[in-house]
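What follows is a set of structures to go through.
Two complexes are shown next, each including chain A; its partner changes from chain B in the first to chain C in the second.
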Partner chain A sequence: MAVATRPDPRRTGRLVYGAAVVLLCAWVLVPLYLLFVNTLSAPETVNSFPKSFLPEMDTGSLAFFARFAGMLDALWNSVAVAGLTMILSIVIGAPAGYALSRFDFPGKATFRLLILLTRAFPLPLLALPLAVMYIRVGLDDTVLGLALVHTTLAVPFAVLITFSLFSGIPLELEEAAWTLGCTRLSAFRKVVLPLILPGITASAIFAFVISWNEVFAAAVLTIENRTLTAFLLQNLDTSPLHLKFAGGFILVVPALVFIFAVRRYLFAMWGIANR
Partner chain B sequence: MAEIQIRNVAKRFGEYQALRDINLTVADQEFMVLLGASGCGKTTLLRIIAGLETPTEGEVWIGERRVDHLAPRDRGIAMVFQNYAVFPHLTVFENIGFGLRMHRLPDEEVRKRVHRTAELMHIEELLGRYSGELSGGQRQRVAVARALAMEPDVILMDEPLSNLDALLRLEMRAELKGVLAESRTTAIYVTHDQVEAMSLADRISVMHQGRIVQAATPVEVYRNPAEKFVAGFIGNPPMNFLPARSVGEGQWEVAGITLAGPRSDRPGLDFAIRPEDVTPDPAGLAARVRVVEPLGPHLLVTCDVDGHMFRAILDSELSVAPGETLNLMPRPDRIRWFDPETEKAVS
Partner chain C sequence: MNTRLLPYVLILPVTLFLCVFFVYPFILVAQEAFVADGALSLDNFRRVFGHWKFPLSLRNTLLLAAAVVPVQLGLALLMATMVNRMGRGRDLVLYIWTIPLGISDLAAGIIWLAIFEQSGFLNSMLHGLGLIDRPVNFLSYQHPGIVFLAIMLAEIWRATAIMLVILVAGIGLIPKEYYEAAEVFGATPWKRFLRITLPLLRPSLQTALVLRVILAFEVFAVVAALGGTLFPVLMGQTFVYQFELLDRGAAAAIALVILGISIGFTLVILRVLRVPKGARI
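And now, the complex of A and B:
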């Protein structure tokens, strides 16, 4: 490597670029770091000053979180709602994605646009009338009711992800299976499904995360059976600092891990890369 | 035993008429090539036989059964696709055995047949690999082996060699011909490459604008094109055409010389001759040479005859230069005549 002896504009450019990258990473990582350090510190340390830069690996805060009344129920509700959302959005979204990629039907382009448009409605606009309706039909404050709302949020993504996944599988493969003795269904099961399964999983996990992170509808539509996000929001001003950190940690970690696991497919969905 | 009959088949995609009034019989164990430029309907016809498209009108019979209402899996066919369609999540072994397993053959039989066809296609050493670890030519072999392993009545091939490089294509072509002759299945093969068609086919069906223009042996298609389109499509370079004017009693005046032709009450016909069927002769057509291309065994000479382009393939020992005038005499037995209005051959 040659050593630059004069100021080189390209080098300056690289410096600026590098600084920008560091800044952006810090923007995301520093709060995560603080969350991490504080969660794994004893409650006393969390409230004291100065801070240590290394976590104490004390599970005191987490243990306190687990004992906090209603917290575990809320956690369970979150998991149940997110799980149900995941199943519903795949069951509804994947066939729609398959239809979009394999069949031509009138209004296909409009349909695709409509799928995206569902995301254009602000959630409060949906949640408040829904709350009224739910109370009438008795779906309010239930896991199923909230999962249905979260499904409407997650389905557009499920459709778009599976659409791009199905489109990536040549129709020729299915046709080959048909000529080799498959029905439409068995060709799907023997050829398309094995190829698409990782992508379906990714799409399911993404739906899970959408539900897991959602707070507005959860706060409006549940009272007794709060999800973790709604529960934490409700107790935000009254709970001690270490509880907030522990709750935040419990919320952030699964979402982070899942999104990291499926990043390849999310990139594919947005057309960045498909490797 | 599987003869294929296509009766009055037509296919429309909305307003677009992809196939019109197709009638074709492919004899048992015959190798039939559907030849035509892209968009002529040849792939659509193949897909109708396979059951991947439904005909708008007409019937398809394989053997003694009418099959146009049946799903592909019930037709006793196997198909080789243009892009191979080798399943990427299965090994070569499982790819070749896929159809056999779908038909619930016992494991032992599957193994036997897979090994036999793999041997036939020279891919025994690849059986454990996945499609991603194969070259294009190897994938093609797997695709053919997968079709052959089914021991189908009919094997359908949709431009199977078009994605291979030239040398490999030549090699696979010869191999395919040998393997299919041995397997004794009826074969329908779609291609736009006339050399491929000539070398493989028992009979060629030349297709144009959704119709079968001529279905005959390669030599017949080459020597006696049924329509002007076939004459201008087959052969490299294709036939030369010149307008001919009737001078009565089966005599026709072509670019200043008089030739014997069919007795017809038409005032004019199109005279046609293959480039290799002319010889220098003082009594022949006056041709002004424009371009001379020495191609080794012969010269390809592009000339101007009475304002029309005319190509001749001449002996490479002849010395010709652009600007000179040649006199070229067509071989009388090789001259063909076409009706300028119907474009059909006249004899």
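And now, the complex of A and C:
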């Protein structure tokens, strides 16, 4: 650690530093690359030995994935659950974030504690008692039921993220709009909303990713309507290698795109919101 | 609308939601764990603790956390300080380093499976170098050390980014004047890191460690993808009790054990890394 940051003597220091950066980038990228090689190779190649480190550009594995019974339904379920989670957590979470940033009210500290408390609990475990509760109310094995659990995972983040986003917009802007004849609602719509929309989108995408990636609760709560993660997990023992890799690939690609889309907000969301 | 009431109206939906889907289920799970055959008892815990796999999965979970979290902390600190002094290319490097943040534990397990499985890339490489004649089945009961290593690498690969992001944001909050003053007095970069960055980063370190340690006790899908039944962990046992043994009481009991360990460690981390009042920036 010391070597990488010591500029003395300058040239070697910079060289070591550059090498360390490249090495750490490779540490992240090479495993991903190897997954892509496997996904873009024919099923026979994936199961053969020794392996080439270059992809064949064959869509055989992906085609097998698409034809595998139940896989496309699982993919659709994943999208539906994640979409629903995204909408629910923003609709429920953003108003609270606004309240935290704009008002001082009795009970504010308690409310913040409740939100922060959710972080200290292994939330996927919630799925165990909810599985029973859902059977009673008819929510078992449904997209909505799972989306509600995933919303529990995502909504504390939505609250804290929107809290830090709203705090970044000066109250004076809103007050100016009020003096110009806007009501609280119309001032919010015309002044705050346009400014906050990119940030809200970013935190919505983040909620989507949380749900998209969740395995345990999905596996506990769905039986017929499996999500992609639950489906892959269930078939880990029996499915052929090329199916696993294609499935992993399909799981990873949206994540890559989403992290790229929200990269500017990552620090506002994770760093500051976590303080 | 009345301004006094407005904040309560705004926080009402999320409060109700968390009561129904967070507070209530935890009451249920506790109830389920402590009740057997309709009476208050510790039977569920006795059954769980008495099973030969329990000590093993507890040990595995703790061992994995102990092996993974310190490495991640060191790596995240290194990466965060490197990013901090980076000029050109900072955004690109940060994007690459935070990619695993969006990758699920199951996908991470599958990615490392591609490397460690019998016809995988590690075997291919060793074969190409002439070190082995036939592919070795690394992820089998003959190689428990390698199974552990694979799971460890996958966890480090996947979940360092979450600490990195928190630490980068935390370092960004440290006033530059401290560093300038230290430089005037001739402090080396290493000294500056030890005397300024580390102490002032304590709140972020706290958050990062709490989050990471709790997630480490929840480890499940990575292990399922790489170790299968070779490496039982607590969360996996919960799943087994719930589904294969259809024993909800026992599943709830293990859930409470995981919860207890998580809370215990959270309190320890908060205590050890506490920031004295008046020392906050």
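Simple rule for what comes next: the second predicted complex is superposed on the first by the 241 of 275 C-alpha atoms of A that agree within 3 Å, B and C clash if a C-alpha of one lies under 4 Å from a C-alpha of the other, contacts with A are read in each partner's own complex, and residues count from 1 in each chain.
Assume a residue touches a chain if its C-beta (ideal position, glycine included) is under 8 Å from a C-beta of that chain, and two chains touch if they have at least 3 such contacts.
These numbers were taken from a predicted model, which means no experiment stands behind them.
When both complexes are overlaid on chain A, chain B and chain C end up sitting side by side without clashing.
Legend: residue contacts after superposition of the two complexes on their common chain; A:Ala99 is shown touching chain C, with no touch to chain B.
Set side by side, chain B and chain C differ in how many residues of chain A they touch, and the one touching more is C. Residue contacts after overlaying the shared chain place A:Leu173 against chain B, while chain C stays out of touching range. In the superposition on chain A, A:Cys182 contacts chain B only, with no contact to chain C.
After superposing the two complexes on chain A, the angle subtended at the C-alpha centre of chain A by the centres of chain B and chain C comes to 100 degrees, rounded to the nearest 10. When both complexes are overlaid on chain A, the residue A:Pro194 reaches chain B alone and has no touch with chain C.
Think of it this way: put the two complexes on top of each other by chain A, and the tightest Cα contact between chain B and chain C is 10 Å.
Per the touch definition, chain C reaches chain A in the complex via residues 1, 3-4, 6-8, 10-11, 13-15, 17-18, 21-22, 25-26, 28-29, 32, 74, 77-79, 81-82, 85-86, 91, 93-107, 110-115, 117-121, 123-124, 127-128, 135, 157, 162, 165-166, 168-170, 172, 188-190, 193, 203-204, 207-208, 210-211, 214, 217-218, 220-221, 224-225, 228, 235, 238-239, 242-243, 248, 251-252, 255, 258-259, 262-263, 266.
Only residues 1-2, 4-7, 17, 20-21, 24-25, 27-29, 31-32, 34-35, 38, 46-53, 91-93, 95-96, 98-100, 102-103, 105, 107-108, 111, 114-115, 118-126, 128-133, 148-149, 151-152, 155, 159, 184, 209, 212-216, 219-220, 229, 232-233, 236-237, 241, 244-245, 247-248, 251-252, 255-256, 258-260, 263, 266-267, 270-272, 274-275 of chain A touch chain C when the two sit together in their complex. Chain A meets chain B in the complex at residues 170, 172-173, 175-183, 186, 190-191, 194-195.
Contact residues on chain B toward chain A in their complex (touch as defined above): 50-52, 71-73, 77-79, 81-83, 85, 87-89, 98-99, 102-103, 146, 150, 156.
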